[in-house]
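Each of the two complexes below includes chain A, the first together with chain B, the second together with chain C.
Now for the complex of A and B:
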């Protein structure tokens, strides 16, 4: 790049120093969680005195962690699937049809991103109470579909607008039916976008705490159990749970890097 | 034309999206309606009592003041810390860039709760920093890095770094390096090049990141909840407390409406401001 000119060195060095420190500062807390999760005592001291897996086995003695984990996974998968379908059909209309108010509708569909989570939470609590539905499953599912929709819609609109309709037409000229033409050409081309938006949607749903806490009439999600545990007991069990989740995230990110590249996240 | 109708999609496909929109709109409408209830428990009538109560008592304004203050300087610090990371990522070779990206994306995808919890283990009285400083003899008593404004600010900055780094990185990577080389060949020093070429060209990324980070920080619940530990509640914590502990839904709804108005005002205002000024830069 700039070899030989000798310029840009001080700048690069400074960004290495500052940026490097910041990234290390971001990385250390996660490392501390890992180390503390192996602490034999029930205090949260770094460095720990010894090594033990008791907090990992303690996860299994807390039925609430396991059941809420199970619930969060199912909720995330179902919400993601619905959000993908709604997002894909919406993105198809928004990219391929010109109609009045299209900009307004796509703006409104993105609006859950700018409305504070507490406001959305109170809104869903009020709405479902008014309808006399006091069950977590339908209300949380509706909530998670709506808050994940902006992510699926945005990625899929971006993907579809780069995807020429002519391919689909060519397939139809060659005798494919409407749906087969769509599946074989367009859907195949936007597959990376589908994967990326599915991951975004799942993570958003799985992590959601602030709005979901208003809807835990009969079921709690994992973040809510974790928060309650931190504020009540606060022994290293949460560090063990966190370590497991961080490892799962690392796995997901590596898979994502392989499948679709991390540019889908970083832009 | 006949060919075009074959591939054109039916407007009916928008229906599921519109249904979601309807549900979302109805939920916001419900907050608005509830905020007009004069009584705490579902009573009759309509009035502005809840809003009057809120604006009458300066005690309540402190939550808004905290949210506003911390997120203003928090966002600036996040920008200041995030920019070098983005610059480093954009100007490094493959392996370093991949490592940095991996660390940031893992951060980004890890739950807010876990990241806030991890910071508790670093900042607490028995946390990494205090243990280290005590061992080195640099302090005699643990520093109060948590359960106060400092802890909340550190938490908000650390958690919202990816919001700044990603957009700035994306813009920096798109800058044509020949522009910098041209400035250099005309005799500009490296700092002059950065100040007059690179930084102005990266303004759109900074603007996008600032809006995201500010939005996150102003509305944050988990970070002030865990790192403030109840000693530094911000707006979102106050609203939750009113709705879920005090069980005063009408009052919580009124405060939520005020929060919504302020948030929308901030986001739209900032977008307008950046739009206008960034046009000046490119013109």
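Now for the complex of A and C:
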């Protein structure tokens, strides 16, 4: 008995240790980037020899950072909006209608999660070349809708499967039209899921590098601009940009937690 | 909250059929429900009772037939335009709304002004003893309270007809029995036409003015609880409502209104039936109509068999005796345990069982017209 408890305690300690190591492993690079961004010199050195905000102000002297940031935001917002609408329709069909092949369709829609990003990128590149579309905006938009869809779909399916159809029917018997009944009951109930999947989709789009780099013709997204910069320059501007992005992401996660609670995401 | 008499609507179903592809869910159903009446749709799962209720609500489009609510043909009206109240099996309360907002929902959809909504909600909550729970959310209520809120939400709009889809099925037995009585008295007080779906025959008998027994998408019998129980017209209604003995016999003569049958070993029995001479007939006998005794009864008016007690089940109020008769059929008889000295028969003992020929009811596989 006592021996058993001892083993249990040992296991618990070990798992705490491993968990701690993982957390440290995840956060150290972020912390390093964050600290480096305050370097006064023009080298990526850790630890920095002093404190300066000059690389933050340097961001604003590079028009390419600002314009690609702007582009990434617009791209993310539009891709998220479309992905939400498509994801909601898809999730409604998958949860409310029983039809043959539902599993296959659901699997196909989720496939961008498992297909390597490089493959997706090359696929899109060949497709758009075939169609003679050599513009970043339409091709990146299409790509980002596809790669964000698994997130919106997954979260919304989980949310919708907890909303019985009888609730909409009850609203209809009480005098609501079909559309009104949906808005008043189901849509209200999945609102947290909508917010959560929107944030997920936006972050996925905003961060995407691997697949997006194949479709850069006339405009670049921010991650690609950062990469291009670091291949030419070696100053901490990229660290400053990255720190801004980290803060932004943290802000979004905090917002999500505040509004909807993280558990709605995992379903 | 007593409704004006004009409010309670008649519901008329004319040759209603619902088919899904090649599967027939409802088959030519006709039923006339009077204003203020409570009719149960009774049957096992898959018999079509819920489909019938949903077609009245407008959720299951008819393949053929017409539905009238009041004077209005509403076969093609959407659910929102039928002015119905409905309680779902899972109550379908809106989890993101308080009790008060749940109940007020129908009024809001009907564009009832805000200042009139509040008193109406208060009245119906008081009627269902829910006062004080206005600001609770459904998840904070007990099953019984949720059930009442669902009922309040359905009633507040003063619907012409109330549809109940197994509303008590999720409650435990004791609460369910309380709610049955409460529901019935409420329904009578308001005087609302009510259609009640259930698979529980006891519940149907307790609540209803009339019971419609459904089998495989057809109505096999409609009648008062007494009619359905005492005079089941098909083997199915006899089997589904209450417990029954089924005994085979052969028709040997048939005069007007009276048929003499020879039932193996029991002898000649006169029953009301129009079965042809020479045909096999099946009879139903309720266990509580059978009288048991140790001495051979002297009466000639009663049918009489001799049999051995194979098995007995003590159920508190009654004891159920399973006899193997000399004639070779099984007979179940129940004895009310009036007092502790009520005669007890032992397993293995041979006793006499008698019953009045009036209680011997001929039943048909699919109803008298089947």
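Definition applied: the second predicted complex is superposed on the first by the 256 of 267 C-alpha atoms of A that agree within 3 Å, B and C clash if a C-alpha of one lies under 4 Å from a C-alpha of the other, contacts with A are read in each partner's own complex, and residues count from 1 in each chain.
The rule is short, and it goes like this: a residue touches a chain if its C-beta (ideal position, glycine included) is under 8 Å from a C-beta of that chain, and two chains touch if they have at least 3 such contacts.
Remember, predicted model here, so these are calculated numbers, not experimental data.
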item	value
Contacts of A:119 with chain B and chain C, given as first, second, both or neither	first
First, second, both or neither for A:19, with chain B first and chain C second	first
Chain A residues touched - chain C or chain B, whichever exceeds	B
First, second, both or neither for A:172, with chain B first and chain C second	both
Touched partner set for A:149, first chain B, second chain C, both or neither	first
Contacts of A:203 with chain B and chain C, given as first, second, both or neither	first
Chain B versus chain C as contact partner of A:9, first or second or both or neither	first
Partner chain(s) touched by A:188 [first = chain B, second = chain C, both, neither]	second
First, second, both or neither for A:164, with chain B first and chain C second	second
Partner chain in contact with A:180 - chain B first, chain C second, else both or neither	second
Set intersection of chain A contacts, chain C complex versus chain B complex	169, 172, 178, 181
Complex interface listing, chain A residues touching chain B	1-2, 5, 7-12, 14-16, 18-20, 22-23, 25-30, 32-33, 36, 43-47, 85-87, 89-90, 92-94, 96-97, 99, 105, 108-109, 111-112, 114-127, 130, 142, 145-146, 149, 153, 165, 168-169, 172, 178, 181, 203, 206-207, 209-210, 213-214, 223, 226-227, 230-231, 238-239, 242, 245-246, 249-250, 252-254, 256-257, 262, 265-267
Chain A partner contacts - residues on chain C that touch it in the complex	57-59, 78-80, 82, 84-86, 88-90, 92-96, 105-106, 109-110, 153-154, 157, 163
List of chain B residues in touch with chain A within their complex	3, 6-11, 13-14, 16-18, 20-21, 23-24, 26-28, 30-31, 33-34, 81-82, 84-89, 91, 100-115, 117-122, 124, 126-128, 131, 158, 161, 166-167, 169-170, 177, 180-181, 184, 189-191, 193-194, 215, 218-219, 221-222, 225-226, 235-236, 239-240, 243-244, 249, 252-253, 256-257, 259-260, 263-264, 267
Parts of chain A lying in touch with chain C, wherever the complex brings them together	164, 166-167, 169-178, 180-181, 184-185, 188-189
